[in-house]
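In the two complexes below, chain A is the common chain; its partner is chain B in one and chain C in the other.
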Partner chain A sequence: MIGYLLRRLLSVVPTVWGIATIIFFLMFLIPGDPVRLMLGQHGDDEARVRITHELGLDKPIAVQYGLFLKRLMLGDLGDSYRQDRPVTGILIERIPATALLAFAAMLISIVAGVVAGLAAAVRQNKITDAVVMILSLIGISTPVFWLGLLLILVFASRTFDGAPVVFGWLPVSGYGEPGWDRIRHLILPALSLSAIGMGYIARMTRSSILEVIRQDYIRTAEAKGLSRFSVLMKHTLRNAMIPVVTIIGLDFAALLGGAVATETVFSWPGLGKVIVDAIRQLDGPVVEGGVMFIALIFVLVNICVDLLYVVIDPRIRLH
Partner chain B sequence: MGRIWKQILKSKLAVIGIVIVTCLVLAAILAPALAPYDPFEIDLDLVIQEPPGPKPPSRAHWFGTDDLGRDLFSRVMYGARISLMVGVLAMGIATVIGVILGTLAGYYGGWVDAVITWMTDTAFAFPAALLAIGVMAIVPNPSVFWIFVVLGLIGWAGVARVIRGKILSVREEDYTEAARAVGAGDFRIICRYLLPNSIAPIMVSATIGIAGNILTEAWLSFLGLGAQPPVPSWGLMVTEGQAYLASHYWMCLFPGIAIAVTVLGWNLLGDGLRDALDPRLRDF
Partner chain C sequence: MNMKNNSARRYGYRVITVLILLGLEFQVSGQDTFRFRLATDPPTLDPAQSTDTTSGAVVLKVFDGLVEFDPLTLEVVPAVAESFHVSEDGRIYTFHLRKGVSFHNGRPVVAEDIKYSLERTLDPQTKSPRTWVLNPIEGAREFTSGQADHVAGIRVVGESTVQLILTEPYAPFLAQLCMEAASLLPREECERWGDEFKSHPVGCGPFEFVEWQHDIRVVVKANPNYYGGVPRLKRVEFKVIPNEATAFEEYKAGGLDFLDQVPPGQLLRVRQQYPEDLHIWPYLSIYYIGFNHLEPPFRDNVLLRRAVNYAVDKEKICLAVKEGISFPARGILPPGIPGYNPGLEGYPYNPRKAGELLAEAGYPGGSGLPEITLWHNRDDRHRLIGECIQYYLGQIGIRIRLKNVEWAAYLEACEEGRPLLYRMGWVADYPDADNFLYILLHSSQAGSPGNYARYSNPEFDELVVRAQASTDPETRVALYRKAESIAVEDAAWLYVYYDREVALIKPFWENIILSPQGDFTIPLHVIRHKDGPPP
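After this line comes the complex of A and B, so read on.
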């Protein structure tokens, strides 16, 4: 297991190198002169030359690329042009908010998705099945940001079309105070972000269960007199979860992308919001560092998903 | 072909998908003839009428008007053009790149395969939407044109992977061997024997890719990184309506419905195509 984990972690190196290379060249192309951005209008030529030198921008591109990789290995993503501090620090302090949001959304989509998929599979070709399938397609097709706005409109607005609304239960946006207030602020963004995952997971659970249900060992389990519920939970669901776990891993990409939109709509102070704010302020290092950071998280989550396979399905050999 | 059509038409959901996509294409083509107003025409007289501001849906303006008095129904209709162009053109670029790289990797193997597979894995390791943000943030003047380019350059990895797998499995077939034995060149073998066998998976992944592209365009435009005012892009229209959400809901509502229904249509069509063209992939 340890050996497998190490090999898997090593296989990440070329991928991360590829991502870093793309990011570097993107940063190189960024519009606006960073030196001028840092100095504002007051900088004289001497200061300009000094800062260009300090940033290493006077060196050949190959040297800059080498330095970039070296700094990256030390966890240094450069300094923000707008806030006079390292990008890594800015990003790290935003992790808890995004992690909370992503975790909540993931939890909702897994629970609701698996239950809905199970219900659809058990009642295949009945009305429940049709409703679940259509709802999950709608979930996949609805833009996350728009769903967020709809939820705000229905559950958070104080007025609608000039008239007061009964549903004004939840806060429109923000992060709230720790505790109950935080949870109240979390509900709507988490719900809107969970829709896509819910759809994919419900579809996958359904088809996977329909596949497993036809296997001989299920018939054996039924034949030896186990209750229907027991067969479903112990024999079917566990085996059906393997492809679902893959989808959960893939879905994480959509989730991270969606988080950018959701955090913007709900002013949720996470990584996505920081990236969008940085775009508006032309703060290149924060944008590219943030994208790099999220890509890294994504790669690591996929490794976790691979490990999860082994836990769920002991038949998978470790090589 | 007739058999495939019959198969597709058997599924109610696929038929709904075909109807939606057809309506979308018709709306896009016929927008100048069918739209009741000019989508760019600002009507300030209308805006200042009591109560001032965007006007709610009415018989004259089915979807209401926006804060500049522009007819939302006409704008949504013209929006279909942008959505369709982005979806189809970007997918076209992605498909061409994906087919070329996937074929090279699957057919030649060895180091060519290793390099292309590494590129594909890297592209997959990157949440595509984020890469799009990264690129659109550095583009000097974001516009719909750049979205074609970016989505086209990002979306090839899925196609390449599918094609590579398909080519790998067909390469060893007896008929490929026979073609090689009678002296057919690589190019001829690829075009005559390998690619035609890959058309089904290409079509399926392209249709579903179009749905994804349309969502991404809407999302980038919503963030201000895509279409710029006054272009009637659905995503941008939702942004413009955001400030009026509680008081003038229709500005957000209708463009959003247009996005959701369009994406739903392409997804349904993609599902139907997959079930009809490649039964082995069914239920996935």
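After this line comes the complex of A and C, so read on.
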């Protein structure tokens, strides 16, 4: 087990290096010049040459790449061109907001998705099943930004088309102050972000349970006279969780990488928006640092998911 | 059974009560906090680095310079300087500092601070994109390039007098001194914070910096020692809300006092529902379509350029795309800029005349003209305007293809002169005709400095340079008007529209001065609540 873990952790290094290299050269290939963007429309040529030199952007690409790798090995992600401050600081600032939103959205997705999927499987081909399947399809297909705006209109707006709205309970946008205020600010973005995951988890749980429910050991458990609840929770659900955990793991890793549309609609100060803004501004160091962080999260979450398989299903052995 | 129902009902009532209480927790606006929307997180709060309106919105509240613009008349008036004097030859500017002006850390502003602040902007270590603002000062370029250890043209004459000596007479210099890059800063705070000064700004403006939570908000509080009078607002909160629709909902919910734009397509509804909140006022800007003057078919073909100008119905574009906010441009200088010429006819919509000119230009009915690509950067409004122009030019036989490019690549392409036709807009850095005519159309500014069209006319160039050197405002206006009429006659661009600012402001705020320089320059220190104590 420890050997497996060490091997997997070692594999993180080439993975992140590979991604860092790809993103470094991709940033180089994107048309446009970050210094011109900084200077704006009335760009002073002297200033452009000077700033380009000071940022080291006038060096050959191979030299820039070498310096980038050297910095990376020293644990330095460099300074943002645009904000002129360390990328590490920019990312660290955003991580708490992103993590909070990701955890909240994931919690809603898992609880609602698993319960809905279970209900649909148990009542297969009945009205509950149909309702869950339709709702999960809507959840998967609805654009997040549209759902976000809809939630704002229903639960946060004070007026709609001049008339007062009854459900104006929650804040429209922002991060709120720590404590209860932050929870109030979190509800709508978390709900909006959880919709897609909820839909996937419900569908995956349903199909996985339907597969397990036909297994011999379930029939045996029922024949032994166990209650339906006990068969479902102890024998069916646990065995059906492997594909669901995979989906949850990937979804969670994606959420930890930031959710641009939700963050933009709700003015949530997360990681995704910072990276997208940095791409628009050709702020190479922030994009590279942000993408490497997301890659790292994906790899680590995948390792955790693999470890979880063993906990869920003792028949699985890690090699 | 009944008991069960009653208990469920009681529980239900409790839930509803809690929800109603939550709902009652409205964001009530206080009488002393003003909440201003920012569409993005400011890239910096260092005035030497500030080039965008978002940074400017905060920087202009925290910092002051020697002089400033009167927000209504747009004249240059004293700020930290109590008075100033320009020598007869227009080269020496003498500023006498106001007494009793202090930085937010309590230290009085002295003449040495002016020298320090201006040299800091010019210092290559500062990496300021706005060194051009101070380049007219003698020795500025030498200092920036490392050939000198100080700027020869900045002379401290005693504790409260400073002289700025220019290399040659340059009339727009005073206006340039009103820009953020010429703000005054305390040396000890800059040295204390080093690179972090951009996140801990200290100036001598009406508001003191309190906190900056990136992508959330910037907060400033009233400077109780402000030389221009203590601000009526105790606090200003700049809230970062990128999405237009969300910002509108936040405004409606009472979370914002100032919204800098109305979501597209909502203006009519807003006019009906929020007539007291809606403000529309002139803005020093122009929207145009540039021709590439170095490449055929527009090179040396003024008839073709005029035909294009006559062919497009700018009034309809203003109504359809800009919801009637903007109005057709007849030239280059927008109303409000000294030198604006209301008598200029421009090119009113006349498709018949456009067809005739097209034939005279050698392309009857558009035959012989290749399909021309009109470049625009990624934005719905630019796309719509591009489609309108495509339609109108198609009516006289000119085939247009639209090309949509990301802003970074777009700016580079325009600076390198690749597009034959491109859309562009310009908002005045400072309210002077020079900021339009010299930067956008003088042949020395071809390329990245601003003349993307590569327009060149020696007569125009000479008039604009003469206007720069003249110290007499009336002479300058006459020279700029003549220069503008030459560029319009030459059909240097397709002149589309002059813009106006649109904003929603809660009606309980008063004394709001809507500056034509843009909403980010609105002086917040004079705003007061209607129910607040009398001035």
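By definition in this document, the second predicted complex is superposed on the first by the 269 of 319 C-alpha atoms of A that agree within 3 Å, B and C clash if a C-alpha of one lies under 4 Å from a C-alpha of the other, contacts with A are read in each partner's own complex, and residues count from 1 in each chain.
In the analysis below, a contact is a pair of C-beta atoms (placed from the backbone, for glycine too) under 8 Å apart; a residue touches a chain by one contact, two chains touch by 3 or more.
Since we're looking at a predicted model, the values are computed, not measured.
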Touching partner for A:Ile23 - first (chain B), second (chain C), both, neither: first
Touched partner set for A:Val144, first chain B, second chain C, both or neither: first
Contacts of A:Val274 with chain B and chain C, given as first, second, both or neither: second
Partner chain in contact with A:Arg82 - chain B first, chain C second, else both or neither: second
Touched partner set for A:Val287, first chain B, second chain C, both or neither: first
Which superposed partner A:Leu153 touches (first chain B, second chain C, both, neither): both
Chain B versus chain C as contact partner of A:Thr264, first or second or both or neither: both
First (chain B), second (chain C), both or neither touched by A:Val114: neither
Partner chain in contact with A:Arg48 - chain B first, chain C second, else both or neither: second
Chain A residues contacted in one complex by chain B, in the other by chain C: 30-31, 145, 149, 152-153, 157-159, 161-162, 264-265, 280
Touch list for chain C against partner chain A, complex: 19, 22-23, 25-27, 40-41, 43-44, 49, 51-52, 124, 127-132, 141, 144-145, 195-196, 198-199, 213-216, 239-243, 245-247, 249-250, 252-255, 269, 272-273, 406-412, 415, 424, 426, 429, 439, 447-450
Residues of chain A defined as touching chain C within the complex: 30-34, 36-48, 50-51, 54, 82-85, 90, 93-94, 145, 149, 152-153, 156-159, 161-162, 167-175, 184, 264-267, 269, 273-274, 277, 280-282
Complex contact set, residues of chain B against chain A: 13, 56, 118-119, 121-122, 125-131, 133-135, 137-138, 140, 211, 215, 218-219, 222-225, 235, 238, 242, 245-249, 252-253, 256, 259-261, 263-264, 267-268, 271, 283-284
Touch list for chain A against partner chain B, complex: 14-16, 18-19, 22-23, 26-27, 29-31, 133-134, 137-138, 140-146, 149-150, 152-153, 157-162, 207, 210-211, 253-254, 256-258, 260-261, 264-265, 275-276, 279-280, 284, 287-288, 291, 294-295, 298-299, 302
